[in-house]
């Protein structure tokens, strides 16, 4: 399934501007714009509330309890990337901490998404380096076994191809395949176009029932009101 | 078990003043005052730390991945209500986000309790609209199948009858049946009456062992001290 | 396995100064310095983000749904202690709240670590009394059955002997056996000695690959770069 | 929410013949016939594969780690009943074992459904006394605190009123409210009426696509076939 | 990420003979032969103990609570296939039961692997139709939303491309990409070649320490024996 | 906390006859006889239903994903031992399969208890080599890092000292400290002495209420009967 021991140096990345603009819409809107696909499992949580990031994926495949390949990946980060790390078995050790965060940040990474644990949570919070992970754990890791960098990986139930767009915030992590990025951006923009107007109406007390014309379909579906 | 496709328009609500005063005691005290009953399962967590709410229950029964009935429920919210949403199967999709929150707030809702997921967590936090849920997930839902509004529901292991009092904070969500609301309020007040005095004693270094006269029962139970 | 119904009044504590200095290194560093041992399971989380504590362990064995022995333990707390509570079966009720926290604080406790639930989360946060627990739950407990104080206990997968050093923060809870405290302190200090220098290099864009001389071992392990 | 310390001696039970005939259809068919409602959460598993039971519910409310009320309930079992036990908090101790099973069987019980743990799994299997539970655990319980018998309870996410029909097998546990038992029986019978014919067709290689006339709706929904 | 509403009719399948021979080695050996990759998460369990199957993958993408596409997939099953079903969100409803099993069997399917629930567990066991699933649940599903057939899917953490080899037994489910099937078969055969000899030695009391020449590496690693 | 890289060759074992006789009582009775202590967490399940074993503990400390020390432990097994394996972090890989089982059996082991995964479940079942584990997984492990043999370990929440008695069956795994083995045996025998008589009474329809004289304490506790 996975190719082990390889690093792909030249990957084609999605347009960074598209990635940034998708990020501005947030995970929920982008996920809707994708047809409700591409969301990682909801156990992926930000290390600190309010974290937001988007970027192009540099992927890493790790072995359980071994973070060697995160160091290899660092060399291949370009400004605007988000590192996405999968692990070949479930293991919530702390693969990533403040030193790697310092390095990733210096290389221009916009964040990390890892289907495992991280540590130095307080420092990551202070640094405002956004990380989405499955767990927080002080348990360190070794550097002993080769994984790979920039191969397609499965992370938290989603398939990520290097260069795909990642959009992550408090609501979770969404993957937008490179080929769909532009189209998804347009769909997201269309969704948001009249959100402000809708919000104003709802805030004024207009019901969604009326705003979305739901009364007729509800009646057709057989809804009964009982006084 | 459940009546599907119905909306009860006229429910009898607990006294809103009693609901507000119960809320001031908080979930832990009210739960004690209920004889340690009525607590939802502890997987129900507030979307933001420090959330507090109380009110009278408007109940909703949803189908997995379908939030249609939340829109129907909005029309039946009165100021001081808390919407309590159950789902007919376990599904942690994001049934509720910032638009519905805007609408619920405009209708006067004090909060939402949902045995499923919600999204737009950051906006909910900024709006200070208190929500207790099982998960946070960007995954949206459809509007396709009829559930019900204001029927008795089981939510996170607790039975809620429309009009019951809900008290929720960082410690969880407690349901006070309407018929027990006044009595529970009195019991909660009695519990709290000398809490300040107790706190002062304990803060001064007095031991609970002495303040609660536990030394004799401990000795009778056979506790041995070894030097 | 456990001795029930006993309180050991005189325990030998680790050097409080060593405990304090270990605390300054944090859980992740101390855990590494221990040879990656002694960490409680990662389900142990602080009640509020940013909590930090270290101290010498006063241990308590509780029965499910019964917090009687926490009151007994209070009498045996000395300034600088951390209370570590194990439960004889899995039960996430709220064994500890603001009154006990007031008492523990007055006795000089630096915090609580409990393989169960706690309540009054908001007040604990306001008091800045640091607590690590498995759950937050409004559910109260009874005072009916004898456990023990200051016997060796298993808490969240770790063995704690009374007087051991506990180091806890956002990354989890580490136990340092008394006999290893001084040696662990030295190992932690050695680890940290050149962290500042490393951080500066990484922040300047130096790669871990070069700083840690990983290129040669990676090549030996067979890593292939593909352009 | 719950009335504590009471035993309702005279409950109205669903027709035992209807209960037996519902049992013959099995949990999956009955659940469909109910409109896909009334199913307990899927963590409820039979102690031995192939267990099957149906009957009228005698309900019990237990406290965590306390099985006293199961003894009280035994007196109120009539032939054809199934005991349904809820617990006021999550606790997977072993509340029920071979002695209680012997007693329940002697009283004519058809089985036990418990939102907690049981023990003596091997003997229960040998006795062929069917039990659905959340866990198997050797941990025994005390007899100290009053719960209730034959009050409405919430068990594994479902509401059970005494006298309701319970249908349980390898697929889970379904609750049929007494008032709906006859109607559900008819719906189940209707569902099953042509199942044999359908099965024969499918076994002969006829596709569900054709048997259920799905080709047109699939086309309308936009399904594309790609060669 | 996924293409929705499409059915690929012509997929290239791995050599059925290779699939059968891989199946004979079992999941554990094949997983080792793959370099310890390609295993689905261990929550995937057989419906009955002792189930064994191998074959070529026909993939299906389902929506939560909707099994429509399983009917579509049935038409595309060829003898020797195993259906692998992914779901776009976590939902443990019972998507598959005895009627679909009858149909799949009639089409020549060797089994089903589904990242969701199934029902009619007793009948599946009697039919000896092998199924690996995440849950058993009586909860039925609707037929309302288009997914896809024979697109690449992520199922229980593994990526499956249509036509890949699936090997499943009590130890779990392994995916062998079509391109690696022959090579994996050879590696599995090599692993097993002298297993019989090894087993005989171990059965005669020879230690793995000696048979695998571990004593020297253990000594080098610093193992100390204490009498 | 743990001593790494050591093997204690000479441990003092509990009396094998006492271990065998404790085993005959089963986990539930022995756990009661211990005062309801010493039970491992209920996630520890037998690989096949009906498994039963008892013996003296040979302990092993493993690193996640590494089974090297199980080979080292094999040399130190004496007839009548049960190997108890702890892992320094949560990792459900398959550390143990048919070859190690053949070796352990040849050395006279009565079974294995492991806080991790095992594989070759079908062969273990055929061999009737009893194993209690946290998971079943085809995922193999490496042999790279030193743990220890015959040091005290924490396994599934229980503390095991080498030589302690282990009693395991379908109900779980109980640890009896060596020093308490004889006393626990007597307590277990006393508990069982009149079980046959009790069972006969209950089978004849006598109620536990009467047999255990519970009516008076129930009345004192305030139980109310309502007709």
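Which chain is which? They are A, B, C, D, E and F, in the order written, and residues in each are numbered from 1.
The rule is simple: a residue touches a chain if its C-beta (ideal position, glycine included) is under 8 Å from a C-beta of that chain, and two chains touch if they have at least 3 such contacts.
Owing to the predicted nature of the structure, the values given are computational and were not obtained by experimental measurement.
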Using the contact definition stated above, find the chains touching both chain A and chain C.
-> B, F
Fraction-based call for chain E against chain A, same above half, different below = same
Copy of A-C's interface among B-D, A-B or B-E, judged by over half the contact pairs being the same?
-> A-B
Compute the distance, rounded to whole Å, between the mean C-alpha positions of chain C and chain E.
-> 41
Separation of chain B from chain C, taking each centre as the mean of its C-alpha atoms, in whole Å = 31
Per-residue multi-chain contacts in chain A, two or more chains = 36, 39, 42, 89-90, 92, 139, 145
Treating touching as the only link between chains, describe the layout with one word: line, ring, star, complete or other.
-> other
Could you list each pair of chains that touch, in label order?
-> A-B, A-C, A-E, A-F, B-C, B-D, B-E, C-D, C-F, D-E, D-F, E-F
Within their complex, state which residues of chain D touch chain F.
-> 5-10, 48, 68, 71-72, 74-75, 92, 94, 97-100, 102-103, 105-107, 117, 119-122, 125, 135-140, 143, 145-146
Contacting residues of chain B [partner chain C, same complex] = 26-28, 30-32, 36, 39, 42, 45, 49-50, 52, 169-172, 174, 195, 198-199, 202-205, 207-209, 212, 214, 218, 221-227
Per the touch rule above, chain A residues touching chain E in the complex are 1-2, 4, 34-39, 41-42, 88-90, 152, 154, 157-159, 175-177
Chain C touches which residues of chain D in the complex?
-> 63-65, 89-93, 139, 144
